[in-house]
Each structure stands twice: as structure tokens, then as C-alpha cells.
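Taking it in order: structure first as C-alpha cells, then the write-up.
For reference, chains read A, B, C and D in written order, and residue numbers begin at 1 within each chain.
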Amino acid sequence: MFAEKGANLVLVARRKEKLVSVKESILAMFPNVSIRYELCDMTQVTQIDALVERLADTQVDIIVNNAGLALGTESGDRVAIEDVITMFNTNVIGVMTLTNRIAPQMRSRNSGDIVNIGSVAGSDHYAGGAIYCATKSAIDAYTDCLRMDLVETNIRVIGINPGLVSGTEFSLVRFRGDSQLASAPYKGLECLTAMDVADQVLYAVTRPHNVQIAQLNSYCTHQGHAKYVIARD
Amino acid sequence: MFAEKGANLVLVARRKEKLVSVKESILAMFPNVSIRYELCDMTQVTQIDALVERLADTQVDIIVNNAGLALGTESGDRVAIEDVITMFNTNVIGVMTLTNRIAPQMRSRNSGDIVNIGSVAGSDHYAGGAIYCATKSAIDAYTDCLRMDLVETNIRVIGINPGLVSGTEFSLVRFRGDSQLASAPYKGLECLTAMDVADQVLYAVTRPHNVQIAQLNSYCTHQGHAKYVIARD
Amino acid sequence: MFAEKGANLVLVARRKEKLVSVKESILAMFPNVSIRYELCDMTQVTQIDALVERLADTQVDIIVNNAGLALGTESGDRVAIEDVITMFNTNVIGVMTLTNRIAPQMRSRNSGDIVNIGSVAGSDHYAGGAIYCATKSAIDAYTDCLRMDLVETNIRVIGINPGLVSGTEFSLVRFRGDSQLASAPYKGLECLTAMDVADQVLYAVTRPHNVQIAQLNSYCTHQGHAKYVIARD
Amino acid sequence: MFAEKGANLVLVARRKEKLVSVKESILAMFPNVSIRYELCDMTQVTQIDALVERLADTQVDIIVNNAGLALGTESGDRVAIEDVITMFNTNVIGVMTLTNRIAPQMRSRNSGDIVNIGSVAGSDHYAGGAIYCATKSAIDAYTDCLRMDLVETNIRVIGINPGLVSGTEFSLVRFRGDSQLASAPYKGLECLTAMDVADQVLYAVTRPHNVQIAQLNSYCTHQGHAKYVIARD
């Protein structure tokens, strides 16, 4: 969608084959777009720094912080601490690090959009989601405070917080590869798709320069809460 | 904007001259749209009932509950009770009454969008806004609960919560006709406009049927809080 | 409990027999306390005014706004508008009116405590609670804003928001006298009691003058959400 | 205060001289209390594990997670990443780790209180507080979810969220040792004290077994928001 609007894209992720495949899909639809991909594990500050260095000559107009990792649905006291640390590094520290590295060029141009993909889990707390909800609440607060911090600049700080999104690896990772468990939350439900979320990001960043979408919470039509109010067929 | 998309509009407000003028502006741009206006004071249940009767044969696909009245900026304990009642009747009871009257036809068709225009004052509480913030918090809660209540239907329940919007009579009413006081909050600030808010409503209601925009909070780019974080020139 | 601490009490409610019985229970335990009761329907501004006139010579150190009415558990769009109005008049407008009438004497003495009994329903929204949650969210916002409004005074503004409280008529009223339905939410659960809530109010108002309990949310030990997370035997 | 109630205390902190001095102060007032202190840097999982091992034979009835570190007041994008990591390790990961290690013995006894000291900064977001607010929002969410996770047990999960507390090293650390800057937030204000916060913890843990204080937000009497509404002399 961004490609369609003529943006030049830098795709960042850990796995080359994923990036190549996304790049090819986009090029098939929009052959004239310039797409670059960069390998980076967002939990590693040194890798983020190397990425930023490779982007040194690139004007970054928009950052979309999209890492969102949930590991398990154990009770909050039973989540392994290494999983806690991985979730915080991915969902929170990585976002803050990339923002820290890219904001200076946005500040010096006095323009840019910082888009943090949160979740309705940031406001809808639930049993089995203690660490994930904590990371997303942290991102909500960071997004709100950063917007205040940058209020004198033209930089916009945008939070996009979707409900259940199907068709991604999110649930497969959460349920550690058990595809049956992983598919349960989406069963009998026409969920949001990754395209729906991208559409929201696109909407936010294409608004007139005076309009700052601050927090956009969405569900699919048959969902009313992150966990407790879902109508399946 | 709705006119542009081909919707047929029923404009509802208290003052005929306002309605005529809005109707003419829209027709000048979109001559083929069918526009009807209806006089109704949303604080009067009997007037809402008469309105609903006049609309008995009209399929209502979208309700946009847009009444938002603030009277004064006194300390919460000092607001005259008649003003408290007027604000609740306008901002809350009117919305609930119209929803109560129109929802049955939406339920029987199993489709429709209910859009409640709240405010960032629903979540950003501030000194001088006790009653207004209370009405908007009430609407936020109503919107969230109603979305859960209707989770098994295809009806979507949407909250749109803008920050400072200039170019309306909102502030003039709040400051009881004192145009100098009324203009102060907007000074040195490129605010949201009524068109920006309409654009958000339009965005929400034109999403694919699976996508339910739940709460969309926005500010203008130099605003970070309903009252406390605003950067004026 | 207040009686035990030596306060003089003015009990206010609609029903004389209730007031007499509460008065007698308290006197049985604390024979030296001065207790007065006043009949007043808090939904009637004129009755509140008459009450305030009868209290004209009484120094009011603490107001405890305890009216909390839920009618029904229908979907938000289906609650009868007269019930909506009754709930807002009782839970919100009555509180604001009494505060409006008593605050001047607190302001002139520069002391006093305003205690608003909300509910966890002010922050935990749920299906079937649209109007009740809206009233309690309104009170939360009012309490927060009023605290800011009075920040230069020594008046403290306190919100006490309990979860399920058994042993009151709350549920019987909600379920319109159906005692079987009314008892269901409390079954297999050791709930909070009215005494537990009174204890929280007492705790708040007996803190040193520098300490302002702002919002105190509580559940019983086997409750984690207003509606969705409750462990019954 | 806990000492006064006859509890046996294990004080945990990084600095021996601090611990010795606190221990001596308590013993001077309550000579019969058993007090033990343990050195532990809560940002180090291995140190927490060593601590837990040393406590292997100790029944822990109450955990009070009190670490709360703010470093700086820079804009969120400008906080050094090492400071971000230190704040999250101290305020969030340390709390989750200790809870993870102690909860099993509480679960096996089916009793215990987990008290997390948050801050009003968890709900009042402000410019200059991006990382600190994010850590405290994370703790609020963790506390709420963990309470739901443990709803079938008798373990209570309690959040205590004070506003400005004077007389601690919090501000001196935040302002990196600059005592003039550090004292500014407290000037002309009778703040909460560490004793006031301890009193709230004591209140929560001494309630009857059915009462679960969930979140207790407090300010001092002349404070109405973490940052924006404070009345100084």
C-alpha cells in the first residue's frame, strides 16, 4: 500500500527469505517502486546500530515499528524470565532504540512520522497476557509521552493498536509452533488482516500535516475486547 | 465528504438557518446528492421521537452522534446545575436516546454503523473541564460497552475523539459568546478542522465490513494533551 | 465505623424505615454518637436544596456520595430512556448537585473531604453494563477533574471504586426484584461487604492532611474484573 | 510499620550501609522484631536467584516490589539506551523475576500478598517521562493481569501508585546528583512521605482475607496530576 503511494521502502526483519518474498510480492504489483531490505534483529542494539549506519544516507520520513511478540499464555508469574526479556527487548527496547537512532534526522528536518504498532492488549488487560499486555501498555505510554515531547516539532507520533489479526505468524510463535492451538483464537471469526493494519498506518501518515492520529484502536466487527468479548460462528 | 461518496444525508440540528446553509454548501459541491434536514433539539426526548417518526420510512445506515457541548470552564463544584444537566442531556442522554430509537432497524437488517463523536477530554482529564470530561468519559464507556453488546451483529460501534477543532461554535458557546476568550485556545495553533473530523468518520465507515474502528483519538500536530501540552507559535 | 471514630453523622436516603433502622443499629453499638437522618431523593434537585437548607447550620467535614444505581443488564441500545435518565440523575447529577451545594462551606473553611463512591465498572467496561459503566466513568472523570480544580485548597477529593459488594440491595434493584437472578453474581464468592467499603472510606478520610487518596480500586480476592474474571466455588 | 505489626522483615537492596542503617532505625523502635537484610541488585537475575536460594527456608508472606528508578527528564527519543535498559531492568524485569521466583511457594500454600509499588506516572503520562511512564504503565498492566491469573488462588495482587514522595533519593538519582534540580519538584509542597506509602501497603496487606486492594492511586493534597497540576506555595 505504501508502495502504491510511491514511497520508497526499506523492509527490516530478521529472516532474508521472508524479506525477499515480501519484496517480490510488492514488486509484482508495483514494479517501479524502489525497495531495499535490511536484515536486523531488533532485540540487538548493535544490529540496530549497524542498520542505522547502512541507512546513514537515506532520508527516513516514516518509521513503522511493527515488532510484536507474544510468547505463551502462562500465568504472569510462570513466564520464563528469558521469555520476559525477549518480549521486552523486541516489543519495547527495540522500538525505543530505533526511535532514538532515527529521531535526530527527523528533528533536524523538522518532519517525519513515528508509527508504533501497539495492540488493544495495551488497554484490554487479560489473564494469560501479563507480559504481552505489559509490553504493549509500555508502548502506549511511550507513544503518548513522546508525542508530548515532540509537540513543538512537526514530527507526528502515532499509535496503531489492532485487535485480532489473522494470517501472520503471531499466534504460531505465541503457541510455540503448535498450529492447532495457534489457529484457535481466529476460528469462526473474520479477523483483521495485515492489510487492514497497513491501511490504518497509510491513512494516518497521509493525513494533512496538521492532523496527528494519536491512538487508533480497532477490532474486527465481531470482537469487542482483546480476549473476553468475541463472537465466533 | 459523505455527500461525495454518494450517501444520502439527513442533517439534524436545532437551527433552520444553519441547516439550510450547510445543505446549500453541500449541494453547491455535489448537486446530485439527496439532502434532507430535520429540526431537532437533541436534549428533548419528545423531539427525538418526532424526528424518528418522520424518518420511519428511511433506512438509516449510519448515525453520527455529533452533539458536543461545553459550558464554561469553572471549577467542577461551581458549574451551575442547570448547565450540568444541559451538558449531560446534549452530550450523553441525546446520544443514547437516538441510538435507542435507531438501533432496532439496524438490528433487524443486521447492519449499520453507530459513530459517536467523543473528545480527547474523555481520557485527558483537566482542571476546568470536570463536567465536559465527565460527559465525554461517559460516551467513551457507552461506546465501548455498546460495541460489546452488539458483538454478535454486523453493526459497528465507532468512537471518534478529536482534540482542538477550530472553526466551529464550540468555544464561543463554552465562553458564552465572549469571542476574545473563545478564540484564545486556538491562537497560534493550526488546529484540526471539522473537515478533518468528518474525514475520520468517513474513513471509519468506509472500511471493509470486517474492520471496526473502535476508538480513534487525534490531536493536531502541535497538541499532545487536551489542555496541558500545546505548543503555540 | 465513622460513628466509632466519634464523627457526628447525617444519614441521607429516600426511605425513612431504612434510615431509622440504620440509625438504631449504629446507636446500639455507639450510644454516644449524635446521629441525624434526613429524607432526600438525590435525583431531585429541589429535595437536595431543601436538605441543604436544613443543614445550613451544620458544618459538613466529609461528604460521602454513595448513590449507585444500576437498572437492568440489557444491551446499551435497549435500555429504556427513563431508566437511563434515572441512572444518570442518581449516580451523576445528584453527586454533582450535592457537591455544588456543600463545596462553598468547605471552600470558606479551606478544609473538607469529598468522597465519591464509584465502581470498578468505571474502568472495567462490559457487555450489559453500558449505562451503568457510563455513569461510573463519568464520576471517575468528575472526581479526577474536581481534584485538580481544588488543588490549591486543602479539600481532598477521593474516589472509592469497589468490585462486587454483597449484602446490599444493589443487585435486587438491578434485576428488578427477581431475587434469584439478583443473587447469581454473588454465588460461590466471598464478596466485599458494605463494611469493607466503609472501611476504605474511613481509611481515606483519616489519613494525615497531606495524603490524598485519589482512586482506590478494590475487588474481592477471587475477582479480577468487574464481570469477566471471577472465580466462584 | 510492618515491624510494629510484628512481621519479620527481610530488607533487600544494593547497598549494605543503607540496609544497616534502616535495620538499626527499625530496631531502635521495635527491639523485638527479627530483621534480616540481603544484598541484591534487582537488575541482575543471577543475584535474584542467589537471594532466593538464601531465602529457601523462609516463608515469604508478602513481597513488596519497591524498586522505582527514573533517570533523566529528556525527551523520550533522547534517553540513552543504556538508561532505558537500566530503568526497565530495575522497574519491570526485576519485579517480574522476583515474583516468578517467590510465587511458587505462595501458590503451594495458597496464600500471600504481592505488592507492586507503581506510580501515578503509570496513568498520568507527561513530557519528559516517556521511559519512566512506560515502565510504570507496564507494571500496572502486569499487576492487573497477574491478579486475573491468580483469581482462583487466595494470593492477592496489589498495586500502590503514589504521586510525589519526598525524602527519598528518587529525585537525586533522576537528576544525576544535582541536588538543586532534584529538590525543585518538591519545593513549596507538603509531599507524600515514604511512611505514607508504607502505611498504604500496610493497610492493603492487613485487610480481611476477602478484600483485595487492586490499585490505590494517591497524591499529596496539593497535587492533582503527576506533573501538570501541582499547587506550590
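The criterion applied here is as follows: a residue touches a chain if its C-beta (ideal position, glycine included) is under 8 Å from a C-beta of that chain, and two chains touch if they have at least 3 such contacts.
Keep in mind the model is a prediction, meaning the values are calculated, not measured.
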{"item": "Those chains which touch chain B and also touch chain A", "value": "C, D"}
{"item": "Relative to chain C, chain with the most remote C-alpha centre", "value": "A"}
{"item": "Centre distance in Å when chain B and chain D are each reduced to the mean of their C-alpha atoms", "value": "42"}
{"item": "Euclidean distance of C-alpha centroids - chain C vs chain D, Å", "value": "30"}
{"item": "Residues within chain B bordering two or more other chains", "value": "126-127, 144, 148, 150-151, 224-225, 229"}
{"item": "Chain D partner contacts - residues on chain C that touch it in the complex", "value": "120, 144, 147-152, 154, 156, 163, 190-193, 196, 199, 203, 207-225, 229-231"}
{"item": "Chain A-touching residues of chain D, taken from the complex the two chains share", "value": "45, 75-81, 84-85, 88, 92-93, 96-97, 99-100, 103, 107, 122, 125-131, 133-142, 144-146, 148-151"}
{"item": "Touching residues (chain side chain D, partner chain B) in the complex", "value": "126-127, 224-225, 228-229"}
